[in-house]
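One structure follows; several queries about it will come next.
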Amino acid sequence: MTRGSKKPMRAFFLACALCLAAGAALAQDLQSLLQQNAEEIGDPSRRTIAEALEPVLESDLPQVLDFLERYAAREVWQRPEDGLFFYAEEGDDALTLIDIDTGEPVGTASSREMNNIRVNAGVRGVINSALVQFQLSDDDASRRIAALDAIARSPEPEHLAPLLNSIEDEPSPAIRERKERLASILTARFGESTEARVAAIDSMAGDTSIDVRATLNQILGASDEIGETLPEGENLAGERELTRDEAYAELAEEGLASPRVSDADIAAALQANIEGDAVAGVPVATMSDPAARIRAYEALAESGTVPPFVSEDEVDDLVDAYVYYQVYYEDDPAVTDAARGALGAIETRVALYQFADIALDALSLASIYFLAAIGLAITFGVMGVINMAHGEFIMMGAYTGYVVQQIVPDYTVSLVIALPLAFAVTFAAGVLLERLVIRHLYHRPLETLLATFGISIALQQLAKNIFGTQARPLTSPAWLGGQMEINDIISISNIRIAIFVLAAIFLVGLLLLLNRTRLGLEVRAVTQNPGMAASMGINPDRINMLTFGLGSGIAGIAGVAIGLYAQVTSEMGANYIVQSFMTVVVGGVGNVWGTLAGAGLIGILQKGIEWFNPSNTLAAQTYMILFIILFIQFRPKGIVALKGRAAGD
Amino acid sequence: MATLLEVSGVSVTFDGFKAINNLSLSIGEPEMRAIIGPNGAGKTTMMDIITGKTKPDEGRVLWGEMSRNLLGMSESRIAQEGIGRKFQRPTVFEAQSVRENLQLALKNRRGAFAVWLRPKGPTDDERIDALAEEIGLTDELERPSGELSHGQKQWLEIGMLLAQEPRLLLVDEPAAGMTPAERQHTTDLLKRAAQTRAVIVVEHDMEFVRRLECKVTVLHEGRVLAEGSIDHVTSNQEVIDVYLGR
Amino acid sequence: MQRSFFFRNPSILVFIGLLAVFTLAVTLMSAGAGSGAISTSFVKTLGRTLCLCLVAIAMDVVWGYCGILSLGHFAFFGIGGYAIGMWLMYARTEEIVVSSLAGATLPPTPQEVSDAIGSQIFGVVGSSDFPAIWAFAHSLPLQLLAVVLVPGLLALVFGWLAFRSRVTGVYLSILTQAMTLALSLYLFQNDSGLRGNNGLSGLQNMPGEDLGQDVISIRFFWASALALGLGYVLFGWVVSGKMGSVIRAIRDDEARVRFLGYHVESYKLFVFTITAVVAGIAGALYYPQAGIINPAEIAPIASIYLAVWVAIGGRGRLYGAVIGAALVSLASTWFTGGGAPPIDLGFYRVIWTDWWLVLLGLVFVLVTLFFPKGIGGLVDLLGINRPVKQGRTGDYGPDVGAWRKREGEEE
């Protein structure tokens, strides 16, 4: 807020206060206030209405707001004989008149006896901005906010003064802040003096909100122009870089050059000028040759039937003869300079925020991959077994969550039940798979891969048969539904935060389990040297069974988590399996940190590539996989590789 | 006796454990050399380095008249240069017949297209028959080698080694699991080979080493502890300490 | 030389003989060249099956003989299909465009024809310009060359990268699967230049000749049978003799083969590439008989099914792959096409369109567990083949480490 805008405002306030006192002394009811200018109000025009309504606006009567709204909505009637104003309800054949002060019905009249006051658009605009003043100072905070929303939606120059007036008396600090922001946005666009506008624009630098950016962009709006020289005295935005063809096309459009003759033009001209079976002496039958067409066209052009070809030299000359530039709609260079500067600063900050947003996205994607892959990494690392049915275990967990929700209607409770139940179900399924199939295929990793693939297609089809092919929703509880907004650009949905937390819990839990418990010790022993472990009295069978169960159980929990933000289908597992393999392979086998590193790398990569080409997630995935294939070339054992003899090279 | 292989200043570390520590060794052609040493002395790692399976952290391995460095070569290239290796445990291709195993090992062109389009040399069958005679598997030529006894597999492995016609033979515990008569046969065979080429035998069995009648190198903790005739090294106090414990 | 080759491999002669008899029988019963006892669509199904058998023997060579479980050979198959599909679609559209432009007042220029073809083909993806990869689509010889060269080069580059860094076992399988996934995702994009998920269609029509589908179908059937026969002989040649010996040795213990002086990577690359080329040829014959190709055909799952066929048929023997591919794909058609009668269990009606995949999955698991030799193993029981006791060595991936192998034997 600057001194320049403050002075007239204070004067205006003073005048208002005086008038209010006077108006209150003169009349106590709305009707009598209206009667002071009954003629102008009864037949309003844009020019006179503001003055005519002045006594009304300056009064402190509570009914004024209602009246103005109804007036603008053409619900006010005037009785010709005495010039009194009424609201009216239209009945079957008569109007029920309602007193504008008391709101009581005062009689009936036929519609022919009454004049409906015609309010045109211009008048309505005046009234609306008068209304804004009332709304902005309304006692009801929600109405004030609604008024601010309306102004923000379609800002008009008339809004500025009432908005500025309403700031001083605003009781709520939050709304006051909003009003001040909106005021500076309006000042930037419609302020009276250059200094006021520049100051307002400068105050917005660093504000990344969308409305501020939209305002600045509006100020920087420019029109494309062509001229022989750059004009003097106009607020130039700069010259335009055009290709030769684009430039010529614009010249042609502006009528500054004759359009070039396209192939389609030639064809049309030739068709229009066929005489017998030839055009200008060139036989139609030869016209499949472009050279023949050009010959015929040139002949036509010589005879003046069609416009001649524009030669390439002519094009060059014409294009060079003009300058192509942009002129700001805004005339004041100081304002546009300030706006450009502010926008530049804002865009830098926006880019920074977007980067942070992408980083958050990458983090949550990495969490999902980690959850999906860690179970696989455990079974692969400990047992050297690739479980192709891992994705189906994820699906099984998600469907467990869905079934629980069908039985337990409370989403929070059902989630609390579903997580351990999903673990139990998939743990059991994993142990069953290990006992029935995988146990017989140790030392045959490729065949395990195939056998578990058989399980995978059977389970997938089974899920289709039971639950159908359409996606089933797994609804998250309300407290997980929203999103955390840090500012206009950075936001992250609560569900993703929850998944991140879940991944962190699993990371810590697994590290504790593997490094601090007896079971973990035995698992690590079996990972590094099963033969030696067996000879030390560890039962590898039991360890394998438990490990496989654990890996599968984690897949089940991951399934519930994934199901909460994606949809539950029989194919959801298949969508994650390849990425999970990648995570394990890239990270390095047999190591929780490796999986974390792999998930992190893949998450960051995928989001990073999407950043460069946001419209195309398919391309992002393609490039990511290609990157991984190349990555494996250089680190075949992954990021975190077991070293030395234990790696079993 | 020209130097065929010279290992100099080679070291390799696995996870902080120095498996080979500044090892130097040289073999002439023809020569027979026995290498002994307790478990973990680095015998197998040394052979891994020579055959290209393990890359050392430092040092050089020079080969042949041109003194070419073997360290930059792939395993297959080194084998083609003329270094053959017999593993401690017989690793024959069990799904294939004895003849196929020998045919695989027979010195011939190793390129894929050469093998595909011209699979057999004119004298291959005779060479295989001669080898089979030598290793006593003439009657088993068409049997899958997986059906052979352990001793026969050892023989087949030796036969494959000879079939490669290498200039340097690396033989890891050739006598393990053999009857006394077979041991004698093996000794003879190795000694005969050593008349025309270099042979390095890694062995635990002192009696067997004594019968080879050759220079002995004792390895300990990845370096050469002693070198000389069998009587010389067995009277060396350090060697006795290492073998018997102090 | 050739005579002794066939003499040493009688199964090749038997196979060629059976294939010839089968081709003759189908020809005599077809609508295009015989009595019409077999419908044209069934002739196409049989022709397609022959192509699947061809890609299956390629898979068998690379997996069953060389030990590389490639989950990418159906991608090569698809590339072959796309390569020929581009020409078929271009030539067919050109015919339509030329005949529709024939009525125009001016005879069309080549540019107009090309533009019209472009907007016909790429209209579905909101474009009308020819992408760069269509540069040779007008030429049948060049596209035929692409059928061979593109899968071959892709396999060569990919294989060179993968093998030289000694990626083996399940790692290699995952890597090939990743390659397949990348390819199919790429093709799913609208701006890939190959019509995104619409794929190429109308491939069943033969440009340049005014033939009915009954004649076209039997000709493609012959071509497929010929390709399968030639492929069988080619791979029979590759896997017999010393080459086969080296390849199988690599499968069983590649480190040992290296110490024998063989450059294992070159052999793997040779096998990987030659099988990829054959897979591309099989695809080029398959898709004209299917009529349409889209990226879903290339999805990783298809390559896994290929492995399933080979495993069920019996890997490590070429006829096993043929049996597996033919049996499973025909059974698949029968069950999912509604040909199989539902089973009424009283409380539940088993409808095979729903339950076929469950059955296939379970059968596959059982085969892996109890019949690792697959259906082809039954031939051993008949005593036709000299039984070779399989060592268990081939089952170990080198990534597991040699010491585990020892334990496996001791168990």
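For clarity, chains are labelled A, B and C in written order, and residue numbers in each chain start from 1.
Following the convention adopted for this analysis, a contact is a pair of C-beta atoms (placed from the backbone, for glycine too) under 8 Å apart; a residue touches a chain by one contact, two chains touch by 3 or more.
What you see is a predicted model, and the numbers here were worked out from it, not measured in a lab.
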Chain closest to the middle, measuring from C-alpha centroids that were averaged per chain: C
Identity of the chain that, by mean CA position, is farthest from subunit B: A
Between subunit C and subunit B, distance of the C-alpha-averaged centres to the nearest whole Å: 44
Whole-Å gap separating subunit A and subunit B, where each centre is the average of the chain's CA atoms: 70
Subunit C contact footprint on subunit B (complex, rising order): 51, 53, 74-77, 79-80, 84-85, 87, 89, 91, 93-96, 100, 103-105, 110-113, 115-116, 119-120, 144, 146-147, 160, 164
Parts of subunit C lying in touch with subunit A, wherever the complex brings them together: 69, 105-112, 158, 161-162, 164-167, 169-171, 173-175, 177-179, 181-182, 185-186, 188-189, 191, 300-301, 304, 307-308, 311, 354-358, 360-365, 368-369, 372, 392, 395-397, 399-405, 407-408
Of all residues in subunit C, those that touch subunit B in their complex: 238, 241-243, 245-246, 248-249, 252-253, 255-264, 266-267, 270, 388-391, 393-394, 406
Touching residues on subunit A, where the partner in the complex is subunit C: 263, 267, 270-271, 274, 284-290, 293, 384, 386, 437, 440-447, 449-451, 453-462, 464-465, 529-531, 574, 578, 581-582, 585, 616, 618-619, 621-622, 625-626, 628-630, 632-634, 636, 647-649
